[in-house]
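Chains: A, B, C and D, in written order; residue numbering restarts at 1 for each.
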């Protein structure tokens, strides 16, 4: 069995969901995504036994393109992240009634398929196709099932689409250029390429455009907050939980090993930029009025830190970045879900209109609180493991980076607790707030359970990703 | 025939037909009456025909003259179609001034 | 065997936390309280067991639980270290913790969320134990942040009041500022020694000294000290502690007086071998400690809220401990931590008892004359007050006196500051005592009517702590210190030779006692003789007003740090964000404008089209044949 | 060769059918005939032969393109059935003209002699003039016909002049001779001026800037099916012929000529895309989009020896997407006066399949994977970069970004806006053509090799 099975299940899931009718769609999608998760666990098991689960077949000969999937620990970790979050995200949407549910869930499944493909592809061209492919479903999800004023939404979503599309086209040029040099899009061929300093610089920059917009690193982030706010929560979760990680993963998988010298050259600039994003995101988040926007900026801050970790080019940086990607994926999905739950009951996302929820729904409050704490990387949560490792790598690069980047733990606590206080605490709200339902509870419990368990025992994940990261580091150094 | 060409020079024919061609082009550019524009196109085509014939003689090769027949036939067909369109325009507009045809733009 | 006991030690409170969170409601109010208390008592007994083991064998116990985080060059394990220092802390954390749990059963009985209260308290004990027993810096950091979290949860326990929530948030964020320092310190140590394990670092420090290390080490210890000053409320991060009094009184007693706030001292003592190598940082610590103690004491002079006075007193006492740490007298600091835990817990619980009796009244101007109605409370309070004021032979006398002695030997200026702070302490503590328990009752009639001694569950812990405040000094008597001896293996350098008790020492003791008595005397003359009652808020003027408003430090922080950040945030949100957005839209607008212009070109005029055609033809020909 | 004859016969059959009152059978007969011809053509794939003194050349290139043209005509004829429902008496004419148009197209790519090229070109053009003006009562159609006619015949004149000059230099219309002449140093300036004029004429036919002005007006004014023909069939015929001409005439194509192509390509892409941003008529929008695609296709000329496959792939992808899009446009705008984008509002609700087809075809044109338009752009850009024109690649990329905006404008109108009219049934032919075309489009996207390796 190789990794194509996961892709096939997800794709099949998308098709079956589409034909299953509006009523059954969510359950069918849940089923298929859960099966995909099971399949990826089996792949993981195989991988741990030392069986190569990759796949490779010739797709075209002219130009020379292979349909090749590489399943090393890093890719598997990201695939698992995708396949575990997808059912959770689908489950989280059970309380919503979407028009045309079959389309909606089919798109969600398709997006999961595309993102999984992005993580697995080891042929640059194939990778690019999956990368772009994941953009279409989220465009429709945000456009059609989003909230708020339709014209505004359209504007935000099209901006997002064009912006990210623009970035990735530059990456495509980079890939084409590399192809001219290497005669292949294969990952290892591209790794082995000897490029001149100028070439590396431009290749690095071309990739950087694509990734900086996707991740996003300031000042390329302007699409983010609006889209997060306007998209339906499921879309926001997909975007923030998984899609951002595509950018970060790609930095590690493609950009750094292909253009290591340029990365070394630009290290200070780019790490500095990423860290500036941490501060910027945190400060902007402080005074947001909309809960989803606040979370969007918090996400900006967190991914800034992750990106900084990636670009330090150290083992700790890369490893911490991957850990933090996984952790952030979970926590941000949880937080957006919390926002969604409040919205389901109060029909508002404005923080000022909330408050006093704690006395009405202790369970929800506790779960939200734990997520907030995980988000500020309290030790004991998985986020801490990642953030600590990343900050340590920043320190190895430069003390100032660590100090400035470290302010995230202060500012993060500042805006998150401020939000929590305004949204949840205070005099009991006049409007009734039902506590979490069973379905909602499951999502929270799974997310929280994951974060806490791996917070105390991250070893399995660390062991999974470390060998592949070391392989990549060989090419970087 | 040959000596005539030698006496006058093939370049001269070339210049002549280039001149005729330019007259046609300027006619098209400057006149606004559709019929006159058609005529200018005919002048252009005939300029080419002249050139083809001249070259045919110059090269002692008949294919050029054959080509002229093709070209004349085509020109006739073309003008027939053009006139048909013009007629329906005239029916609709009552005018064949090309400046009236400005509805499609932007 | 040891592993399972260690797990019992750690997990007992955690299980208590879980069961209180999930089943607290079903257990009933008393039930959850008893459960919570039992959980801590179990830990206390396990600690006693280990204590007896270790003090017998003198061998620290190391337990490896599991691997945790791997970094590039080293990995961090989840290991437990039970040595003399951690056991000492364990004992008083779980011991005082148990007492306060018992106290809370009664104190919090009327609160609807009592099960949560006990859950949080248990969680706090769990994290505190983690902090203390961790064998490396990062596990300590788990506990460190964890207790901060519990502090946050408990300060904001009455979550309907947003001011309390503000206080909780402030505490958490202030702590986090320190935590960043701590974290950076950890990084540097990890970088220098490739380990975070205390014992390994100690070995490394003791065996080799690398000059290159020294520079970094100073930064590391400085950062660690910043961490400690956050948690232990030193200048400039002390402002959260007085605000933290918003929490229920048992919380103030447990977390914000006896245990959590001493974590900074624990950490520095734990890493004494590092701080010994960086005398510059030690000086900073000593100075900061001394100044904190003076500033806090001076603010305490004029506060009217009974818990605020105690809070400033705590800050001040913590300052004294840091002074000792900075002077290298770690064992003295530890000694003071322990005695302080006894008498300060007693004071807080006593004040809680008073507040309980007065149905939430905390302003001393509305108290007075309670000694008749609340005999046990008064008596224990008196003992603890004497202890804190440094009257022999109460516990506080010995510990405080040792600090002063060390200071006298090391630096006279610091000694003067500490001595003044001590005198102030004696004054405001007796001011507190007099205003609360003596003279006439100044509250409402209704309160007066309901005045009563607290129930047994409240007075019992008071009595135990009262007794400890009296005899606690015995663990480290001058000249024959059990504590110094016990802690010896912890320190890189042998503890200061117990000072030879010469004339100077006796002079100093006498001086200290006289100073304390002067403070008490002033208080007596003001509040007993002249029967003064502190002025109402609006009437306070002059320097007293500055003191009463805590030197306006909070306001200054607000104006200098918080407000600018808020304005910056608004500015970024309203201008920069939109501006950046506009830039992106600008590209679109440019294209759009071009499109509009282009539409004019596409004017429908066939003449123009033909002209463009000819123009194109000509330019191509021209370019190809004439420009070439 | 047999292809051309068969097509001519089929055209005559169409006309005869009208005479014998078999009006209803015309379209089925034509479709069947075209299918047969398609099959026949495909079997000729591996033969390389020339006929009539090298007048007609059959090789892989011509067979591949001819097959594509036949396929496109097949689609267009199928669409005709419903489109000309209200004008039954004219059906035979329109179908016959389309078949002759195809004849011209096949002649154009199969030429071995400039005379054949010219004849093919004129057959194609004249058919299109007629089709463009084929609604005699509509002023728009008249205007479109007139504009197209005037400019087209002007361009024909220019091409003819070019041919005459080449003839003057080479003394033959035969492509082999011309090829040799282009490779010899002794060839005079006449020849190059001639090449240049033919180039300009062909640039007009594919609607490249600055010879593009006719396209939007004519596309808008002509009946929708004619627009479909022009934007798909006519454009790629011209492109394929232009490519073939270049292969023959530019044996030593110099740098300056390439520069001209580069500049025109960049301008075509940019002008086409930017102008398309503000269009409200979808046909007009597609006209500008077609201009920008012409710019892309021009890139193929910069790497003549390698790009045949890429060009073929590109035109296939583009035309299939175009046919699918026009099938939907015909469906939506059949009973309307013009083709405003607002008519597409709410199509996603009224008719999800047609909306999906249109979205897919627009996405394909925008160059989004997994639709073949993406691969097409990729292959072309890849070849262009190989030829060393990084600047052109970057321009192409930037233009792709711009183009997304207007394609998505239509898509979001279909899905987000409320429909302004009731549902109406989809004619079966439109449905089949739309789905088939987009299906083929996606299929060649998934298996690009099947086309790329042909040539």
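Observations on the model:
FYI, contacts are C-beta pairs under 8 Å (C-beta built on N, C-alpha and C of every residue); 3 or more make two chains touch, one makes a residue touch a chain.
All values derive from a computational prediction rather than experimental measurement.
More contacting C-beta pairs link the chains of A-C than the other of the two pairs A-D and A-C. Every chain gets a centre from its CA atoms, and the centre nearest the mean of all protein CA atoms is that of A. The distance from the centre of chain A to the centre of chain B, each centre being the mean of the chain's C-alpha atoms, comes to 66 Å. Inter-chain centre distance (chain A to chain D, centres taken as mean C-alpha positions): 43 Å.
With centres set at the average Cα position, the gap from chain A to chain C is 36 Å. With each centre defined as the average position of its C-alpha atoms, the distance from chain C to chain D rounds to 78 Å. Looking at chain D, residues 146-147, 150, 154, 216-217, 405 sit in touch with two or more other chains. Within chain B, contacts with two or more other chains are made by residues 25, 28, 98, 101, 103-106.
Across the assembly, chain A contributes no residue in contact with two or more other chains. In terms of inter-chain touching, the protein chains here follow a pattern that is not a line, ring, star or complete graph. Pairwise chain contacts present here: A-C, A-D, B-C, B-D, C-D [touch as defined]. Residue ranges of chain D in contact with chain B, taken from their complex: 114-115, 118-119, 122, 125-126, 129-130, 133, 136-137, 139-140, 142-147, 149-150, 153-154, 156-157, 160-161, 163-165, 167-168, 171-173, 190, 216-218, 220-221, 279, 284. Of all residues in chain A, those touching chain D in their complex are 59-63, 125, 128-129, 132-133, 135-136, 139-140, 143-144, 150, 154, 157-158, 161-162, 165-166, 169-170, 172-173, 176-177, 179-180. By the touch rule above, chain A contacts chain C in their complex via residues 159, 163, 219, 221-223, 225-226, 280, 283-288, 314-316, 319, 356, 358-359, 362, 366, 373, 376, 378-380, 385, 388-389, 391-393, 395-396, 399, 402-403, 406-407, 409-410, 413-414, 417-418, 421, 425-428, 456-459, 462, 466. Within the complex, the chain C residues that touch chain D are 588, 591-592, 594-596, 598-599, 602, 604, 606, 608-610, 612-613, 615-617, 620-621, 623-625, 627-628. Across the complex, chain A is touched by residues 21, 66-72, 78, 116, 138, 141-142, 144-146, 149, 152, 156, 159-160, 162, 165-166, 169, 172-173, 176-177, 179-180, 183-184, 187-188, 190-191, 219, 565-566, 568-570, 572-573, 577, 580-581, 583-585 of chain C.
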